[in-house]
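Next, two complexes with chain A in common: one pairs it with chain B, the other with chain C.
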Partner chain A sequence: MSKHSPTWWKNSNFLVGGSIVCLLLLLMLTSFFWTPYSPTAPSAAAKLQAPSFIHLLGTDHLGRDVFSRIMVASQTAFLVGISSVGAGCLLGVSLGLTCGYYGGWFDLVTVRLLDAFKAIPSLLLALMMIAVFGSGMKVTVMAIALLAIPLYARMARSSAIQLKNLEYMQWTKLIGISRRRILFVHLLPNIRSPLLITASLGFASSVLTEAGLSYLGLGVQPPDPSWGKMLSEAQDYLFNAPWLALSAGLAITLLVLGFNLLGDGLRDISDYRRKD
Partner chain B sequence: MGEAADPALEALLRKELGLDLPLLQRYLNWMVNLFHGDLGQSIRFNLPVNQLISQRLPNTLALAVWSFFLTIVIALPLGLWLARHSRDSAGFAVNAFSQLGIAIPSFWLAILLMLVFGVKLNWLPINGYLPWSVSPFGFMRSMLLPGLAISCSSVAIVVRYLRASLLDQMLQDYVRTARNKGLSENVILYRHVLRNALIPVLTILGVLLVNILSGSIIIESTFSIPGLGQLLQTAIRSRDLPLVQGITLYISIVVTLGFFLVDVLCAWADPRIRDREIDYE
Partner chain C sequence: MDKEPLLQVTDLSLTVPYLGIAYPAVEHISFSMAKGDSFGLIGESGCGKSLTALAIAGLLPEQILRSSGKIIFDGVDLTQLTAQQMQAYHGDDISMVFQDSATSLNPLLTVGYQLREVIVLYCPTADTPAKQKQLAEDSLREVGLIDPAETLNKYPHQLSGGQRQRIMLAMAMLPKPRLLLADEPTTALDLTTQQQILALIRNLQIKHHLTLLMISHNMRVVQSLCQRTLVMYAGKIVEQGPTESILQQPQHPYSKALLGAMPTFDRRGKPLETVEGMVPPLYARNLACTFSPRCPRKTAECDLAVAEKKQGDRMVLCNHPE
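So, the complex of A and B:
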């Protein structure tokens, strides 16, 4: 973006993204021990109320406070994001590093498999897993986490290939450092900036996938809270209570936007883009 | 079948669906039938999977092509305009716009569009599908909101790439030569720069295809469009695995064909790609 390598306090993408993520993270952590109202208790007297000082974002068709529900549902979004990043970092990165560093037939087979994953949209793969194992929180989180693996593996593999031909990497082999140590002590720290970028963007896309699945009614099932599910419920009250459709969608957009901006900011800072 | 199903009946159903065979045998049967063009029988509808899919596939493809068309029609002029008016403030606006465009979930945008143009202004229908073959105008009218919702993120991606690529090309030597020759800015932009700038954009068409297809799977249910996405939802709800398998296969074939076409298109547009050896990563 800018001519000179920007540092983190000058990069607006990073700053804005980071603030949004921190804000939502704080909201999520708060929801564990405090919400303005009970997110599950229905109230016949307060059905479909417009936003006001009593109910900041109004109430839904059962009289539940929407703001409290948004707060609690952020736990689901973060759970999905964190588990996909976790699976990607643990399984994807180790697979990618091993393939990239060793090469050979194992690498060839893995690359073909990773390519095959590209041919099926990840939403469709997640839907397929749900068709086999049933919907619900557990399957949704696992499916999205598994689908993140190819992304990280591809990134780690191409980084490993770039790095292994560098002089100091050749030296590690010459002076007899064990292969496992080369991989995890010498290679791994060097891919931390592409890894951070991938994790940030991957987090955002997992949140989006979960919201889409739950919106279709095939992901997280009630009583588990989810922004996507809230949105599909709101759609039935579009004429009477249009504000219901605004809050949940805004929450998804903000979280995705936050992580995307953070990822792009990190990319600018680490200057990763200029290499290609 | 419930929990307390009659064991004899259960065994009969298992035999009928071929579930009594070993896993490998079942997979082999499926593959053999696949090469005969037979994807099996849907459990839910009791009809051949092929027949069900071929009824719905044209609608999904029509929606995808329409969304693709909208993407190009919106993104191309927008990218060109932004590249011509490139100041720092414009750069900021483009970044903000494209970040938002990518972050907004298509189904939320669909709901917002319905709210504004369907409910408040009452300009466009919020559901009901008219096939292209019945009335092209009706198709465009009823599919305008779904199309816009699906193509939003693709527009954001294309505008971003196109603007960056145009600005990059504007700094090249041949542009300076053209200016010195006395060509007008318009001729330089449309005859010389745009052609070169479009090549990097061509390479992301595959990504757009995946984007648009996944978008239409979700959006079909928002606007109740009778396409593959809706069929897939029904299939998943009723655990109709042969149908799920069939739909996934069809969509993967469409995506693979799309990727292939993009590769051919790139090679056609840029001879340098044709000569380069294919390298994986």
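So, the complex of A and C:
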């Protein structure tokens, strides 16, 4: 432990996961100002074309370029992921730190509520919220972000409980450092590694939830592009044009795989017991 | 004891409530310290020494309750104060040094940052960054660190256990406390470093007229630092008296056993004596004398009642004191 050795460049999980995520991030950013073809303009002349050098991933039943659509739809995936990680980190972590550090009845009630939340599958809860508030991009993103909060809150709470009885935390209490400083200067930085791991895994699972909802036709609505939506459209052409389903499926798989590998890699790097 | 007491603990009991039953962790302990006194609190692990210190510092974990007793500091009963009022007594009145130097500093903040936090709160005269830095360096120099300026920029993992414990002492002394609680500050250190830290604590105590409550399981630590010794066993003070007198003539069989377990020069080559058995766990402390299962002088009456005997400035909780 005495030497702070950066071993991230030796960790294959981290490297592969990081590269996949970076590649997809780059595609997403590019799609804001350039795509090979228009993702929305149909072309009667180029329906259901197989992948070629002209259309990298082929075209769909309306003749739209699949690669361009995958690129634009990645914006939705990243929006969902980032907002769920953001909500989790801001609201979930604050809630969890407060509960874990102070304990008492507030903690008891909150933890029971979070447990109850966890008892119901998150897809089901998202469905319920969409049933109440209607489908669409905004509701989907908000529902998924809200559902991510318990995950972060529980992680932050257990870390806070673990740390609060350590001597340096008792010291801060003894000399009367303000509560906000204790939580955010002393406690929060010390939970950064479980937080990073939770965030990378949470990102992947949120993307998956959104794809699932959109596949069922409940999430993002046309004309907003979404990988889940593309997957359900591709279903009708599974035998004539398998590249439609394959490319949407592959995009989802890559993003989820990338973030999961990244999370595993981060866990290995931050866990000193695994170091040689 | 003719002076006004600075710290007076009377009839303090701490319990761990679990499933409706209150398990006693500390039972009816009383002692009184005048300004400038140094007391040693000794006993095995699990005897309630650290809990007593945490209770005085107001840092008891939430699952431990104070079921009776008062902690009077400078005329004010700390147990009656709210958390906010209690805060006023922390740091500049009561300060503490912890046992494990590996966890007593925040691993992610530099030594300088952590010292500055204390300075900002307790040293209003140092109102510019330059003065604060100067004060931090001085405080490190006072605890015998040779390169204060460089140490300020270091993280705890870059320092040795002894250095970290010195920094802890510097931090604990910055608010100029009147009472210093030292919870086994030398346990995690090797023997040479132990001696250095003990010498340092003694110097600080003399220089700043500190009142010191030293917790240890090592008689020798207490011997070199404390005028008076309290021997704790299973939550009770079983013997109390001037350190020299206890060392020369321990009356309680537990004190005697502890002294016997101390390696000395004239017993070289002989196997070290041990106290057979273990401290009874919290749920098995229903005997009148909790030491009786391990006691060589045990008689039938010991399980039924045990009497406190006072003689001069000595106190012993035993039916058969020596």
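Quick notes on this one:
Basically, the second predicted complex is superposed on the first by the 265 of 276 C-alpha atoms of A that agree within 3 Å, B and C clash if a C-alpha of one lies under 4 Å from a C-alpha of the other, contacts with A are read in each partner's own complex, and residues count from 1 in each chain.
The rule we apply is simple: contacts are C-beta pairs under 8 Å (C-beta built on N, C-alpha and C of every residue); 3 or more make two chains touch, one makes a residue touch a chain.
Small disclaimer: the values here were computed from a predicted structure and weren't measured.
Looking at the shared chain after the overlay, A:Gly176 reaches chain C, while chain B stays out of its contact range.
Using the contact criterion defined above for the overlaid structures, shared-chain residue A:Tyr215 touches chain B, although it does not reach chain C. Look at A:Gly86: by the touch rule set out above, it reaches neither chain B nor chain C. After overlaying the two complexes on the shared chain, residue contacts for A:Pro42 are found with neither chain B nor chain C. Shared-chain residue A:Asn165: touches chain C; no touch with chain B.
In the superposition on chain A, the chain among chain B and chain C reaching more residues of chain A is B.
Residues common to the contacts of chain A with chain B and with chain C across the two structures: 1. Of all residues in chain C, those touching chain A in their complex are 57-59, 61-62, 87, 90-91, 94-96, 98-100, 103-109, 117-118, 121-122, 157-158, 171, 175. Taken together, the chain B residues at the contact with chain A in this complex read 91-92, 95, 99-100, 102-105, 107-108, 111-112, 114-115, 119, 210, 213-214, 217-218, 221-222, 232-233, 235-237, 239, 241, 244, 248, 251-252, 255-256, 259, 280-281.
Taken together, the chain A residues at the contact with chain C in this complex read 1-2, 4, 103-104, 165-168, 170-177, 181, 185-186, 189-190. Within the complex formed with chain B, the chain A residues making contact are 1, 12-13, 111, 115, 118-124, 127-128, 130-132, 135, 154, 157-158, 161, 204, 208, 211-212, 215-218, 228, 231, 234-235, 238-239, 242, 245-246, 248-249, 252-254, 256-257, 260-261, 264.
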